[in-house]
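Below are two complexes that have chain A in common, paired first with chain B and then with chain C.
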Partner chain A sequence: MITLFNRLLRSPAEVAKDCRADKGVAPIAANAIAAIVVGTLFFGGAVGSWQGGRQIAFAAIKLTLVGLGTLVVCVPAFHAITAVFGRPWALRPAISIMLIAGARFSLILLAATPVLWLAINLGAPYHLVKLLAALAYALGGLAALGLLLRSLGKGRDQLATVTVFVGVFLLVGGQAAWVLRPYIGDPRHGTTPFFTNEREGGVAYQLYVSARQLVAPTGPAPGSQTTAPSSVDEARSP
Partner chain B sequence: MSLRDLLLLYGIIGIACAIAVLRRSPARNLRAMASAAATIPLWPLWAPFALGAPRAARSRSGAATTTARIDKALADAVEAVAGTPMSDVFSPKIATRISAEVLRVAARLDELGALAAEAGFDAEASAGKLRELESRGGSDRAVATARLQHESMLRLQQLRAADERALVDLAELLEVLRSQLLLARYAGSSAEGAGAIVGEVWARLEGLGAAFDVGAGGAVGGIPPA
Partner chain C sequence: MNANNAVSLAPAFPASADPPDDPPSRRPAPSPPTEDRPPTEVAGPDEADADPDTWARRFLGQEKGAAASWPDEGRRLAIAVSMAALFGVSLGLGAPAGIVAVSVVAVPAFAIILALANAPVDAMSLGRATARAAAKAGLVLAGLAPAAALFVVTVEDAITVTAVGFGGLFLAGAIASRSFASELAPLIQAAPRATRNVMTLAMPAFLLFAAVLAARVWWLALPSLTEAL
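And then the complex of A and B:
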């Protein structure tokens, strides 16, 4: 497992080449899944430690579910998109490439975990924790994207393939994360539930609502609740 | 279809895949159980790997296919010469001897395939170990041992691949022999060409047997026994 982690971080192109050639992909896939689980569990635990208690376990489990769930939904899409754009790969190479990209992403999260945990331990406010988590996700995403680009090679329609797939991935991942929120937790509540009780529609709908409010701010937006906001901005912001 | 229905369907497919994984695994050990358990929630990600044919099994089925081709070609050839003067060139006795030799070679190939499937006989794993040792600056002795192990695995792999190819070539040659004998029977041509092919078949069988005998003597691919 450590060998694969080293290869993913130091020579991802080599791993991607093995995956494309369907060469020894079963152990690669098994180790990649293990990396995804470990990375998201630890990172989720660190995120949940801002509130502490059972939120540590909740956030760890939910971030792992988001990661794996997004991959489960996006793997067939990736297979189809690559085929449409001139790369008719077999299923195993397509899945293994997705998995190693996910593993690389998770390894970055794992690397960022001590930093996030330290910040929380030093009393970082909610917004800082949120930004640090977002930054870790962005770094992980860039690392995974780089591997994906290497895996696709310099063939035709590389950019189109990646653009379409990233669009699908962001939509699915965003919705999965939205459904399973909250992760950091709300200190105003005695106990944070596993799932949020707020009914605000999907992530796409909320994006639409926010955009509409920006363009024409006219009272409460459709679908928005007058209940307390889900974030804890007010609670800890100066 | 509600989310609950969808999840139920997902779970049912996962359980079905897990059963298939268990039935397909050669041994009911902890590894197989873990693989089956992982298949239930992650079947879209893991089932294609867990249900993929093991390399050894694939290789065995390849050898079995070639052996079946050879047996058919031999049977057709014997039938073609039956009751003709050409039966001296290719008698049922010769066909039986060739078949026995081919079966022996195929069995050896199966053994090599099974060996390659076992832990510790994987060229990819040995390459990974070598890379790891080199990257983390392992001692010269450890790197040299890992390199020797990797080279041995590669030689075993090459030997097996070469003999698989040789068996396929033999099958093609026997199919040519069958055609020659049929031609001689129905066109009344001379069986001289067929006689030459029979000689070539024996030469190739001897070549295959010699390669395996060297391996059986404990010096596979030029690697001296420990």
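And then the complex of A and C:
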């Protein structure tokens, strides 16, 4: 397992090559799933530690579900998109490439976990924790994207394949994460439930609302919170 | 997995599908040596032609030396329509209607234009281009079906369903249009200059017509997508 993690981080192209050649993909897939579960569990736990208590377990479980669920939903799309853009792979290589990309992403999250936990331990405010978590996700995404590009090779339509797939992946991942929110726990709420009961449309709708608010601010946006922020955020500020 | 696919779906494309039955000229070329390749690169799609035969390769008609026949292309079109129906599981049964409408209504009209322009495109070539474009559209829609289902089930507003649904259909349509045009491009390039000039206008016009027709059919056949508009 450690050998695979080392190869994933140091020479991802070799792992991708093995996947494409359908060579020893069963252990690669098993270890990749383990990496995804471990990385997202620990990172989720760190995210939930801002609120503390049961939110640590909630966030750990939910982030793991989001990671695995997004991969499951996106595998057929990845297989189809690579096929129509000139890479008609079998399903096994496609699945294993998705898994190793997810594993690389999760290893970055695992590396970011101590940083995030330390920031929270030092009293980082809510919005800083959100930004740090987003930054860790962005770094993990870049690492996974690099592996994906190497897997596809430098042939024709590489950019189109990646662009279309990343678009689908971001939409699905965003929606999956949105469905299982909250993770950190909104400071405006006293207790954080496992699932929120608020109906706020969806991630795409909220992006649209935010963009509209930026272009033409017209007071409280539909679906936005109207309750005044409590002093929780300030209280946790260092 | 690959072997299972080959067994279960082989009847769809029997003649050119199974490597053991293929003549040597149709078999995939052996993999080129990779020692000269930089360690950070993996074979691209051009080199991927040497990859093992897969169901997707056969379905999309990308195997080398594959001969087209009406039954094979008909089966390909039928499977494409069935796969597009997967996208409609969450959005409505009319998802394949756009593909069917373009194949049955728009392509025959285009055949008449091709004949008028004296383009060296026979019915078989046109049917092959149509079936393969439909195959790509169907495969993309089937691939996006789980994502579409996730959105339909979890979003709380109709506009997102509309955006995701039409986004998926637009993507599949764009890929199919590109496939159709590139499939016929070599034939049109071989035509006399006057024919090529006519086709320079006729091909984009057909693609535009096909896009509008498909959009209109989907608009009518998928009321769940238009609820928010």
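Criterion: the second predicted complex is superposed on the first by the 211 of 238 C-alpha atoms of A that agree within 3 Å, B and C clash if a C-alpha of one lies under 4 Å from a C-alpha of the other, contacts with A are read in each partner's own complex, and residues count from 1 in each chain.
Keep this in mind: a residue touches a chain if its C-beta (ideal position, glycine included) is under 8 Å from a C-beta of that chain, and two chains touch if they have at least 3 such contacts.
Everything numeric here is computed off the predicted structure, so don't read it as measured data.
When the two structures are aligned on the shared chain, A:Val168 is found in touch with chain C, with no touch to chain B.
Within the superposed three-chain model, A:Ile2 lies in touch with chain B and out of touch with chain C [touch as defined at top]. Of the two partner chains, neither chain B nor chain C is touched by A:Ala144.
When the two structures are aligned on the shared chain, A:Gly24 is found in touch with chain B, with no touch to chain C. Contact with neither chain B nor chain C is seen for A:Ile108 once the two complexes are overlaid on the shared chain. Taking chain B and chain C in turn and counting the residues of chain A each one touches, the greater count comes from C. Applying the stated contact rule after C-alpha superposition, one finds that A:Val47 touches neither chain B nor chain C.
In the overlay built on the shared chain, the residue A:Val84 is in contact with chain C alone; chain B does not reach it. Once the two complexes are laid over each other on the shared chain, residue contacts for A:Leu68 go to chain B alone; chain C is not touched. Residue contacts after overlaying the shared chain place A:Ile33 against chain B, while chain C stays out of touching range.
Residues 72, 76, 91-92 of chain A lie in contact with chain B in one complex and with chain C in the other. Interface of chain C with chain A (complex): residues 1-2, 5, 39-48, 51-52, 54-57, 59-60, 62, 136, 139-140, 142-147, 150-151, 154-157, 159-160, 163-164, 171, 175, 179. Interface residues of chain B facing chain A in the complex, by the touch rule stated above, are 38, 41-42, 44-46, 48-50, 52, 122, 124-125, 128-129, 131-132, 135. Across the complex, chain A meets chain C through its residues 11, 13-14, 16-17, 20, 22, 72-74, 76-81, 83-92, 150-158, 164, 168, 171-172, 175-176, 178-179, 199-202, 204-205, 208. Per the touch definition, chain A reaches chain B in the complex via residues 2-4, 6-7, 10, 23-27, 29-30, 33, 68, 71-72, 75-76, 91-92, 95-96, 99.
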